[in-house]
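Read from first to last, the chains carry the letters A, B and C; within each, the first residue is number 1.
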Amino acid sequence: MAKRIDVKDLDIYYGKFHAVDSVTLAVPPRNVTAFIGPSGCGKSTVLRTLNRMHEVIPGARVDGEVLLDGENIYASNVDPVQVRRTIGMVFQRPNPFPTMSIRDNVVAGLKLAGGGGKRSLDEIAERALRGANLWNEVKDRLNKPGGGLSGGQQQRLCIARAIAVRPDVLLMDEPCSALDPISTLAIEDLIGELKKDYTIVIVTHNMQQAARVSDQTAFFNLAGVGQPGRLVELNDTEKIFSNPNEKATEDYISGRFG
Amino acid sequence: MTRNRIKVRPGDRIFKNLSVGAGVIVVALIGLIGLFLLVQAIPALRANNVNFLTSRIWETSDPTHLQFGILDLLLVTISTSLLALIIAMPISLGIALFLTQYAPRQLARPFSYVIDLLAAVPSIIFGLWGILVLAPRLSGVAEWLNRNLGFIPIFANGNVYPNFSGTIFTAGVVLAVMLFPIITSLSREVFERTPTPQVEGALALGATRWEVIRTTVLPFGKAGYIGASMLGLGRALGETIALAIILFIPRGKNFDYSLFDGGATFASKIAANYSEFNNPTSAGAYIASGLVLFVLTFAVNFAARSIIGDKKGA
Amino acid sequence: MTSTLSDTEQPALSPAFQQVSVGRKVKNGTATVLVWLSFLLAVVPLVWVLYTVIVNGIKVIPYSNWWTQDFGSVLSDEVGGGVLHAIIGTLEQGLVCAIISVPLGLMVAIYLVEYGRGGGFSKVTTFMVDILSGVPSIVAALFIYALWITTFGLPRSGFAVSLALVLLMIPVVVRSAEEMLRIVPDDLREASYALGVPKWKTITKVVLPTALSGIITGIMMALARVMGETAPLLVLVGYSAYVNWNLFNHEQAALPLLMNNERATNTMDPGTVGFDRIWGAALTLVIIIALINLIATGVSRMVAPKKK
């Protein structure tokens, strides 16, 4: 299942604005990669190009390649809809579909986009909810609206929804920034378990979180005001937080950022 | 990953085309309305024996000798609309201020709903109420105005004197009531958007409620209020059945610049004479007047939307 | 009176809380009174109109034949009969109008919110919808007359009325649907795309259901509004005192048309048949409009996203 991602010389633009400059990085399978950096440095933007979600914004485009197990997802014959089925995403704010029940939320991807094979939707829903550590909390109210859950439960519901379509990669865009510390801990534990099956890339504002959950960390920064964001350093998480190669990384980690 | 797929899926393409197509239809409709009215009006305008724009005669029952001019219709349309606007503008301003600044918070919503209900009443009911219920009670006011201010032309004896019922005066008052919800709703929307810091700034200076409104809400909402009033004007110009019911059409007498005149507006004239639509030439005369009404309302709405649009951009 | 000095010019002297000057107080009080008065001035005619309709109409509508018979079997000035023929016409014309306007208006709103997003043609469309909402009903009627009756040579009919009503209903549907679609958070669209759901399915299965409650309310309100229109009826269909289910041919009554017809053929003095009929029809129309609004509220509550 899990696949590796290789980004090669990726430039990202919004209209004429050059948002991110020439990123090259590799994400190994069954591994958690964290993107850290100051606001506006382009870390979320890069994440969104990994499953072609940035195209949803009018005027957004990229130069360069993103390879999923060697296949370029930006090749002209690739359907972005298929890319997103293969590379799932969890967002900053929990966003369950308000008109659907908990069960329908989990299987929404399969129902709306087709696929899912021979398994029944109920089986898939249970498996995904178990995978997201939510099954025990919601098994008695699967037909209740997803909006009735707590914020942390909603976010795990969104993770269940993302893994129900059995993607190869899971992208997480600051998945805990809207949650309280206890819910955050639950999600972090879950990430640790999901890593056995999925390649995970997570954007986070919280450096302790990056240190806790990730195997490797990428530090992004702005080259200057009005300049594009760029990848400063990609390294093992331990190395980044103890003895980074770049001065800029060390300044940011130690809070001497400026 | 499945490869060799076309970039746009058929479902997406079809759905997008449908929605763009619907947009094209709506845009084309406006053009079609103008075009069809023009094409159908031309034969009648060719056969017209008097000047269409400056004549006050309307004789279309004999298709072989058409005589029709819109001057009288234009004058009556403008006078009823202006009177309605003069009454409705200050009151609607008051209502909008009431709903946004004065009404108790919990009651602002139900009160707004009450004003919106005015817009839900069919205009034929306003017309009937206007002529059968309101007019007899208004005639006292009309008579008083006529007796004491009759030296001013607009209060002079009109062509439906001494019965003060089916006059432009009555029509204007009823029309004003129908404009309240239109002018109020948009003004209210704009007033609500007055930046809070401005209001708080004024309050912090010790301004009274009225001073806050005068220095922040009114300057901010002026363009929206004027735009809303023009939308109201557009509505008034085209109001049909209420005016057809209220306005009395005196035979052989023209509008003479008195509020106590009767007459017909573009719309009420067409509505009152639908029975003449049995031959295309006579119908063409009415369609020609409908075309003028269309152009008039188009211009007014265009202006209104430009004013409102500018405000939104700012 | 020291009203000529504004706040900023007044020196900040003791006492700590300066009295608001009399002049300012008077102005503030006057404004308050005027503003309240304006609101009352709007409420009075509303209450008065509804009171008139109810008091005058209540005499005839409690009888079952008012709802089950037409005027075909009674003389034009004879007591009795009912308005079934006009109710059928009003509902039929309104329904067909809705069947055409709703998909068209909805698709325009979807174009504006989901596809156009502020582009050149979407600006043109928005503008034209605004203009269309300002087109007088009599002009819409003349257009359909010129198109349907003169150009196509088709007979005056209830369907021609429906077509004219479509022109009046579309802008209202577009406006309300557009507003409802815009408040659907982009989060939901993105969540759907991220699952690999195509855009059109995202719109139909995620965005529309979320906005449905508000859209339904808007549609029903628009429908209630066009059902009260009179002008298109005058130009596009003849009045019949009999029930006519055929929308495409022959005269067909509708409540506003019936009212106008009574006004033309009967005297309006209190106690006469014409008076009873016209106010009875007015009350019937008001009841139908109220019912539609009530149903709208009920249905929209049923489909609204639930929390528990």
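One rule holds for everything that comes next: contacts are C-beta pairs under 8 Å (C-beta built on N, C-alpha and C of every residue); 3 or more make two chains touch, one makes a residue touch a chain.
Just so it is clear, the model here is predicted, and its values are computed rather than measured.
Chain nearest the geometric middle of the protein is C, using mean C-alpha positions. Of all chain pairs in this entry, the one linked by the most C-beta contacts is B-C. In whole angstrom, the spacing between the mean C-alpha positions of subunit A and subunit C is 47.
Averaged Cα coordinates give subunit B a centre that lies 16 Å from the centre of subunit C. Inter-chain centre distance (subunit A to subunit B, centres taken as mean C-alpha positions): 55 Å. Annotation for subunit C: residues touching 2 or more other chains are 198, 201.
Looking at subunit B, residues 9 sit in touch with two or more other chains. Listed for subunit A are residues 81-83, 86, each touching two or more other chains.
Residues of subunit C that touch subunit B in their complex: 7-8, 18, 20, 24-25, 27-28, 30-32, 34-39, 41-43, 45-46, 48-50, 52-53, 103-105, 107-108, 110-112, 114-116, 121-122, 124-125, 127-132, 134-140, 142-143, 145-147, 150-151, 167, 170, 174, 198-201, 203-204, 221, 224-225, 227-231, 234-235, 256, 259-260, 263, 268, 278-279, 282, 285-286, 289, 293.
Across the interface of their complex, subunit A is touched by residues 117, 185, 187-198, 201-202, 205-206, 209-210, 212, 303, 305-308 of subunit C.
Interface of subunit A with subunit C (complex): residues 51, 53, 56, 58, 81-86, 88-89, 91, 93, 95-99, 108-109, 112-113, 144-145, 147-148, 158, 161-162, 165. Across the complex, subunit C is touched by residues 9, 11-12, 14-16, 18-23, 25-27, 29-30, 32-33, 36-37, 39-40, 90-95, 97-99, 101-103, 111, 114-115, 117-126, 128-129, 132-134, 177, 180, 184, 205-211, 213, 231, 234-235, 237-241, 245, 266-267, 270-271, 274, 277, 280, 283, 286-287, 290, 293-294, 297-298, 300-302, 304-305 of subunit B.
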